[in-house]
Amino acid sequence: MKRVAVLTSGGDAPGMNAAIRAVVRTAIYHHLEAVGVMRGFEGLIDGDFVPLNRASVGGIIHRGGTILKTARSERFKTEAGLDRALFQLKNAAIDGLVIIGGDGSFRGGQKLYEKGVSVIGVPGTIDNDVAGTDETIGFDTAVNTALEAVKKLRDTASSHDRLFIVEVMGREAGFIALEVAVASGAEYLVVPELPFSLGRLCDKLHDTRARGKTHSLIIVAEGAMSAATLRSELKDTAGYDARVTVLGYIQRGGSPTSFDAILASRMGAFAVESLLDGKKGMMVGTVAHQMSLCSLSDSWQVNKILSPEKLELVEKLSI
Amino acid sequence: MKRVAVLTSGGDAPGMNAAIRAVVRTAIYHHLEAVGVMRGFEGLIDGDFVPLNRASVGGIIHRGGTILKTARSERFKTEAGLDRALFQLKNAAIDGLVIIGGDGSFRGGQKLYEKGVSVIGVPGTIDNDVAGTDETIGFDTAVNTALEAVKKLRDTASSHDRLFIVEVMGREAGFIALEVAVASGAEYLVVPELPFSLGRLCDKLHDTRARGKTHSLIIVAEGAMSAATLRSELKDTAGYDARVTVLGYIQRGGSPTSFDAILASRMGAFAVESLLDGKKGMMVGTVAHQMSLCSLSDSWQVNKILSPEKLELVEKLSI
Amino acid sequence: MKRVAVLTSGGDAPGMNAAIRAVVRTAIYHHLEAVGVMRGFEGLIDGDFVPLNRASVGGIIHRGGTILKTARSERFKTEAGLDRALFQLKNAAIDGLVIIGGDGSFRGGQKLYEKGVSVIGVPGTIDNDVAGTDETIGFDTAVNTALEAVKKLRDTASSHDRLFIVEVMGREAGFIALEVAVASGAEYLVVPELPFSLGRLCDKLHDTRARGKTHSLIIVAEGAMSAATLRSELKDTAGYDARVTVLGYIQRGGSPTSFDAILASRMGAFAVESLLDGKKGMMVGTVAHQMSLCSLSDSWQVNKILSPEKLELVEKLSI
Amino acid sequence: MKRVAVLTSGGDAPGMNAAIRAVVRTAIYHHLEAVGVMRGFEGLIDGDFVPLNRASVGGIIHRGGTILKTARSERFKTEAGLDRALFQLKNAAIDGLVIIGGDGSFRGGQKLYEKGVSVIGVPGTIDNDVAGTDETIGFDTAVNTALEAVKKLRDTASSHDRLFIVEVMGREAGFIALEVAVASGAEYLVVPELPFSLGRLCDKLHDTRARGKTHSLIIVAEGAMSAATLRSELKDTAGYDARVTVLGYIQRGGSPTSFDAILASRMGAFAVESLLDGKKGMMVGTVAHQMSLCSLSDSWQVNKILSPEKLELVEKLSI
């Protein structure tokens, strides 16, 4: 192995740059050349490669976003696109490819792997909806960003004795919502993994008021329903007048937390060393704090569940 | 003068608690009693008063929201409500009333003043849309909160080469939007004070792309139009595919910046000392950094304009 | 079991309030009474108890420090002090005691346990130097606070082409230092767990300059040596002119991160439920993300080591 | 005028990059060429110039430090150094020079101006100790950074019932200390502008305890005395056992606040337009929010005083 390439794909996540830095520095540490692929699979098809050295990744560990940029690629889903990408990799004499992204990106990586490319995946997405790893890069930062926002909303909710509904990201999963709900002491949580009962919510809100709580906070995962929908239902059914905030893209940006900077560094380094060990078609992950590997396809085929313990905590502690 | 009351009214703003603390501590410093009125004019009508001492306001200087809570009061707009409030003030032997809020709150204060109550207003609103003062309490914090959010959005905008539209608060005014636009280096600004031209915006976006900028940021004040509307217009007219974020209530919460904590402290102290000086029916303000007084009605009758210098800067520096 | 008491002891840590809230709310959830002991073992000896209900712990989840206050107690180390504490517990009909603190606090707890008190420990210290648990409450926040500070120092180090030495907390352990070093991309790390070689440091600094890096960052754990000492040695031996920053007590304060708020919530709840399960003389912990129990004495008798993987990362990624 | 150069000198300050961006973009807006001088007067002597275009300053508005780096220059204080700098400016056909820094940098600028160079100064220093302007670039950010740190210390001070002494920056002036003291609600302030009385401090601490305050905070400006000295004096004279924190260099770094980003943008733009207006040997400033100009020498010859109103507030509000 002489030359390793790295790309970022799918939605950006805080810590992607730290992962890129780790890939490049670890490659150089092991006397490999490092190459960056711009704009994910789009740049792979176009052969949009940049050489990366020690200094190219200096000062980026704390920066949000990705210096390699990212994009969704329709072309890569075609046979022609895949062939072109394979040609570019061969043409640039790239021996190993590190893909930083989510499960969608790993499906793309799987196709390359099946054509013989030594692919290693690094789970980078704020949503944490990738199986085979306890944590994904960017998740901790996104949760903290959302928590900071919710803390500000509490000020207003408390001052005005109001009910607030906060919609957080997470795609089809409730990981962000669950963490934010526990960490913020939210009164109610709506996630796609659990059936939603408007009746139960109304009962809880009623009880809460009865116990003297003058304001309440509902965290709703975007994958379950929109905050606006929930607001309408609460209004129409029980007359509650809730305020709505959709946190949106701010959850995707910002400087990574220490956890994410470290996770990204560990995963980036481990990805390169796994390639050196002859591993391919696999995704790096952390299981019980230890670095691990699973097959790329596990990332989307295995079911990753919400912690029942934390789900219960929302109930118990918001009394 | 023996007993001074303080209330917060209208939307909450960071620094309101620092202002309450300053009112109470300054009152005590001058051997006055201090009384807090809960929930603004609602609590005034209900006689919902709490004695406040030195310790009641300990540790609140940094807290967002208002410990006295705030509310909008329909009852206070009636003759009966006003009479009841006057009765409660007399009944509690309150000699002076400090109202922390925006121009709507000062309209209420004016009514009390016209009935003989010694009212002093303290401008507390994130919107800065109160004439007679250069700055209102909470404005600097709200702008910084919005700026932090926009910085996170830049990460994603830049990583995905995207166009982002960010809607900020400000009611009918563009003060928050203008500060955020200059501070964030936004490419375009839409405020209610200036006519909006979709054609000019499209030209600018086109030029920006032509000069090699791959992502752009538009700041739109809620008083001008919604971000969603602007997005649709851009899509329909010129095919631009923009992402939208509505920052919403997070701009109202959080711990005050040093500027707001100091401004609130100065204004709260000056309000009490103005009462001691026999002033009434007036609002405290800062003009060219100095404490000042104007009549309460100036706060909504005088026109407060956006800085032409800063408006120009958005144009010049976003090239 | 009818009445559970909770106290905080040793140095304060972010998340202690979230743990107190969880203890109280979980107790109430299980129909127990909750009592707070003020100022750690000092308050225990003095019988300084306060009843805690649902509302007593409202709004504290995000607050730094501890509402129960904390203190070091010399009296508790005496036989008389211990007897007095036992009397107070009996007198107040307290059936279970949750102690939130570090290993010093658990030594105190062990004495009470040996006299028959149902004690459960909750590891709350920023230093993470408590065995039997992967994480302690406050550690993640302290590391993030230190990281934020180091990021600011990087700005100046880079602008002035300077060498900075940053001293972080951690008592006799290097856990904070190691996390900060990896997360900040520091060039060098000095921890008490590893022998320090001035010669190797100078070689590394020399190599770093030779490779064109104009500024460097050294993280030193307070348990290894003081930053001032290291500065002098570098100056005297090799003529390096380093700037020094001792982060100090800011690492102990602030609002808990989401991780710490959640960890504290889980641990506080699990502590109460362990008491209900008849457990005593034990400490709650997290091992591989799962709630666990170990004997109180494990917390100071078992050796907790730094991650070799992370130590290596500092070397590899700072090239 | 065809070509404008910009340099940063003295200690770095948050917002310097925003000022560089504004200089460059405004120059381009007016069809001038822009040149960056590396490492302040050192780079001027060495002719270390870099062309700057629109894109060179993209994405730097929020970055701490200075992309042009800064240094102290002994050589520039010599006749030979000055001559060499003049030669380099002429050789590079530079028509105007913008110097971003403090009064020390402006003394250097004055020498160039006296030799015929069109120099305009932009006050960039966290210390705010530059006359002729109400605010300097970086001051607001430094104050907010210090405030954030002090808020964290409050948590520990309050939890342990302790006395804390916090030493803040400011060189020979107390501007940072005064703002931080008011904004944090500190109990006592020590600044070089006012005589310090240990007796009065002890009386105040005694009174504070007597009134039931269990913790206190003293802010001391580095220009008045060191926190360690104050601690010793308090210990020796009155037996107080205070904890000490020296905030140090963290006050110089970080992303600029909105105020500083805007101030820097305004000043940078105004500096270039002043050069176009034929102004030289002057410093731009803000007086009562308006852009203004004064002679460079005013910056160090005029006395800039602390606000008596704010000094009084520390007394009144910390009761």
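Chains: A, B, C and D, in written order; residue numbering restarts at 1 for each.
By our rule, a contact is a pair of C-beta atoms (placed from the backbone, for glycine too) under 8 Å apart; a residue touches a chain by one contact, two chains touch by 3 or more.
Just so it is clear, the structure is predicted and the values come from calculations on it, not from any experiment.
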Practice item. Just tell me the minimum hop count from chain A to chain D, counting one hop per pair of touching chains. Key: 2
Point to revise | Equivalent of C-D within the choices A-C, B-D or A-B, defined by over half of its residue contact pairs recurring | key: A-B
Practice item. With centres defined as the mean of C-alpha atoms, identify the chain lying farthest from chain D. Key: A
Review point. When chain B meets its copy chain D, do both sides use mostly the same residue numbers (more than half shared) or mostly different ones?
Key: same
Check your understanding: How far is the middle of chain B from the middle of chain D, if each middle is the mean of its Cα atoms, in Å?
Key -> 28
**Study point:** Separation of chain B from chain C, taking each centre as the mean of its C-alpha atoms, in whole Å
**Key:** 39
Study note, to complete from the structure: Distance between the CA centroids of chain A and chain B (whole Å) is 35
Point to revise | Junction residues of chain B - those touching two or more other chains | key: 151, 154, 158
Check your understanding: Is the way these chains touch best called a line, a ring, a star, complete, or other?
Key -> ring
Study note, to complete from the structure: Chain pairs that touch, by label, are A-B, A-C, B-D, C-D
Study note, to complete from the structure: Contacts from chain A onto chain B in the complex sit at residues 8, 11-12, 14, 16, 39, 63-66, 69-71, 145, 149, 151-156, 158-161, 164, 243-250, 252-254
Revision key, fill the gap. Per the touch rule, the chain D residues reaching chain B in their complex are 21-22, 25-26, 28-29, 54-55, 58-59, 61-62, 134, 140, 143-144, 147, 151, 154, 158, 179-180, 182-185, 211-213, 255, 257-259, 261-262, 265-266, 269, 288-289, 291, 309-310, 313, 316-319
